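Okay, structure first, notes after.
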């Protein structure tokens, strides 16, 4: 997992978010204010620009650039939350990057979100996708799985975590204003977290294929 | 044609306008501001009230009360125009009322509208229903027809006059703002004039029947 | 149709109760809105009026530096002569009264009838007819009075406040009208409470050009376009009639249902257009001032200022709808 | 969707250009709106901000007696910390800066991050949370900040103008918030430029109770009712939380697409309700002040006044959106 891996991950995440922009916005329209797709699309587009303007020379730097850009360009709730997550990951990540190192950094990112947003699992937020993903990574490290397998499991866990927000009643963010009416809708932030984890797994596939070549 | 005849006419006109209120408003929506039905309904309802509160003791008085009430209660273009018409009719009407006397008074009413509104036949206004009605009355007098027949012809002439406004391009009132786009729509004021003349014919039928009884 | 009303019949009455309750500076009596302070001896009185549904016009412009009384009619229906007569008599401070009349058949007729009935008061009239969407020819009722009404009320009101005689106040009112032009564009029709459905149907892909302020359809429909293009259409129409030059007073006015954010977007384009013609926006207003119920859309009104008009525009005004300097 | 915009992406930028062009008293720089006159030495600076789409809030309240700077985010999206940091540094006159923050996760987080970054400026914060439609409990993000924001900005702005120290200005701001409650009702959803279609669907027979100002759906739908009944629903909710008593400052606020006439109809009912409870409307505002794009509907905000708050409310203010006394 070199610097290029992380740049590709972030670019891939940007593409997936661009493609799912309307779906994210629709999820946010149902229980929020219909801007999550626009927010993240704007943010990750800026991340891609920043990665071109200041090409990172180390993995941690890629994550720090992404985090700072998201904080500086997104606004809303998701900007500071995702921004802090990437910055915390970047700060915790050691070079050269190993799977255990990545898992620990990822967990630091999740903790940053929890600390800033004061949300806990079950509150129907991005935490409900991020925390299961982090647990999946840690478990994969313990089992000694390959990065490819670990990222794949994390992506699946995030997907499942996002879907699991559907029956939840929101306790944080805008959706909490709806009370009981928030039940029955997927949380947009959890859905975007699943996209970002999906991108991670996707890049790992590419890497794995490269290794085979 | 006693005072009762005129009161019945005005009441009948009120009923017809009430029933056709939405149609008049729709005609006005197409080429005006969608209030002609509400305006005349409000006005004639007030006329009926006024006729009860101050029961007229002469035909002319019934018309003057109606005219004054319309001026005082309707507003818009049609209020002063119809109001002045009824007032001019009332002022010109001699007791006892004969058909020639009525025809002359009616013509005075039409002249009042033309003078106040500065519109001429063909301008797509109530004049295009009122003027043919007046001509029909005069012709009937010349031919020595009965009031029943005269009023019937006047009503038909007003109806035809109103329909004849459809292809006209408006030169007065709000419809004139539309230019060419006013073509193809019936003028609401002409339509309400036809209703009022229709009521006149209807009352004459009742009278004629009464005479037969 | 969903409207915040009790009944379609009572909407004007109920809104006036609300105005009276909200503004201690106003008195509402028999469908006339007055300054609570009453007439001032020696000051020319200013009376305007017209159909309701254009709020804040006219009642929202009653107060120091503008109107002395406003006569609201039913929705989109001119007031009746009685209201105007009452208002005219009540505000006369002995120096006469100016009627500010928008050029619509109904308004003209009812104000005329009223003026005839007020033979005990010296009455002058100014007819506002600024809307270039209507050709002023034998073939129309003449240009409509729209946005410039606010300018006339403000400027004439300021001069009256300074104690000018009736003839002078009438002169400056007419001058503002002559120097002003407007053009309006609708994105949607309005819905009158009485009709309960939109006055006209406008597809999501089209706009109506040259609309008035009564939900009348306009002269022409064109495909929906950007704020820049729509502003250009309106400004070309204005410029074609009265070339933009010198210092301008410019109002970008919402039709009632358009958010302020969009009006600012339009104003940016209007200002750029005017600069492009070598003229200058010297004073401006952006907001919902002369509306058409819940219609979405905007109008632009431009007045060519001179020193006197600028001074009168800047003079203090204290009304619910327009306030500065006190 | 038809909107007077150039592109959905540029709408905030374009509207700010329009504001700058329309109001020489304002300066717009890097997405921050400042008073053109700059900071005043020794005066506490007031900075607010939030998503765009609520105009005139906040940028329309920049000026003498209210804000020193406003930070508009994208539509319905909190501003980013950079804007807030810039604004805070720029308006500091040496006496510190008060951040007026509406209680939304995004606003709170971005203002917090900004405050941390401004370690060279003394910053205090007040959180506005007046919306009784949201239970303030562990199970929500806490009450939303809506209409009371205007009250807080006005009253704190007046005290700052008089030279009070930061702690005092922050104290009075918090007091206004504590004494204020709001409730909103939507007749229609708004449409964000980016989404291009209504945020929620509301049939012609229903209204949404307890809406916020971001097009969020409310807590409950009920059949459409008269202005009197809807006003009563809103007022009962307010009264149930903070009993109406004494002298009140009352705002009947339009959500952006509701005509002024209807707001006056609602105000009449609100005023009657308050009288019925033995309290009194001592000051009032009726109009579109804290909006939600083109949404039709209204909110009521009530603040229990005391002598100090009344004096500060009455103090001169000179902003595009609120002006009196100068």
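For reference, chains read A, B, C and D in written order, and residue numbers begin at 1 within each chain.
Assume a residue touches a chain if its C-beta (ideal position, glycine included) is under 8 Å from a C-beta of that chain, and two chains touch if they have at least 3 such contacts.
Listed by chain with UniProt protein names: A, B = Dihydroxyacetone kinase subunit DhaL; C, D = Dihydroxyacetone kinase subunit DhaK.
Please read all numbers here as calculations on a predicted model, not as lab measurements.
Visitor: Please name the chain that ends up farthest from chain C once chain centres are defined by their CA atoms averaged.
Guide: Computed centres place A farthest from chain C.
Visitor: Where the CA atoms of chain B average out and where those of chain C average out, how many Å apart are those spots?
Guide: Their C-alpha centroids are separated by 33 Å.
Visitor: From the mean C-alpha coordinate of chain C to that of chain D, what's the distance rounded to whole Å?
Guide: Spacing between the chain centres: roughly 29 Å.
Visitor: Per the centroid of Cα atoms for each chain, what is the distance between chain A and chain B, given in Å?
Guide: Computed value for the inter-centroid distance: 75 Å.
Visitor: Taking each chain's centre as its mean C-alpha position, how far apart are chain A and chain C in Å?
Guide: Those two chain centres are 54 Å apart.
Visitor: What are the residues of chain C that contact at least two other chains?
Guide: If we look for residues of chain C contacting two or more partner chains, we find none.
Visitor: Mind pulling the residue numbers of chain A that touch at least two other chains?
Guide: In chain A, nothing touches at least two other chains.
Visitor: Is the chain-to-chain touch network here best called a line, a ring, a star, complete, or other?
Guide: Topology of the interface graph: linear, an open chain of contacts.
Visitor: Would you please name all pairs of chains that touch?
Guide: All chain pairs meeting the touch criterion are A-D, B-C, C-D.
Visitor: For a test of understanding, state which residues of chain C touch chain B in their complex under the given definition.
Guide: Chain C reaches chain B through residues 51, 73-82, 104-106, 109-110, 113, 133-135, 138-141, 144, 192, 194-195, 199-200, 212, 214-217, 219.
Visitor: Help me check something: in the complex, which residues belonging to chain A touch chain D?
Guide: Listed in rising order, the residues of chain A that touch chain D are 25, 29-35, 37-39, 42, 71-81, 116-117, 169, 171-174, 176-179, 181.
Visitor: Hey, which residues of chain D end up touching chain C in the complex?
Guide: 1-7, 11, 14-19, 21-22, 52-53, 55-56, 60, 187-188, 204, 207, 224, 226-228, 230, 256-269, 271, 281, 284, 286, 288, 291, 293-294, 296-298, 318, 323-326
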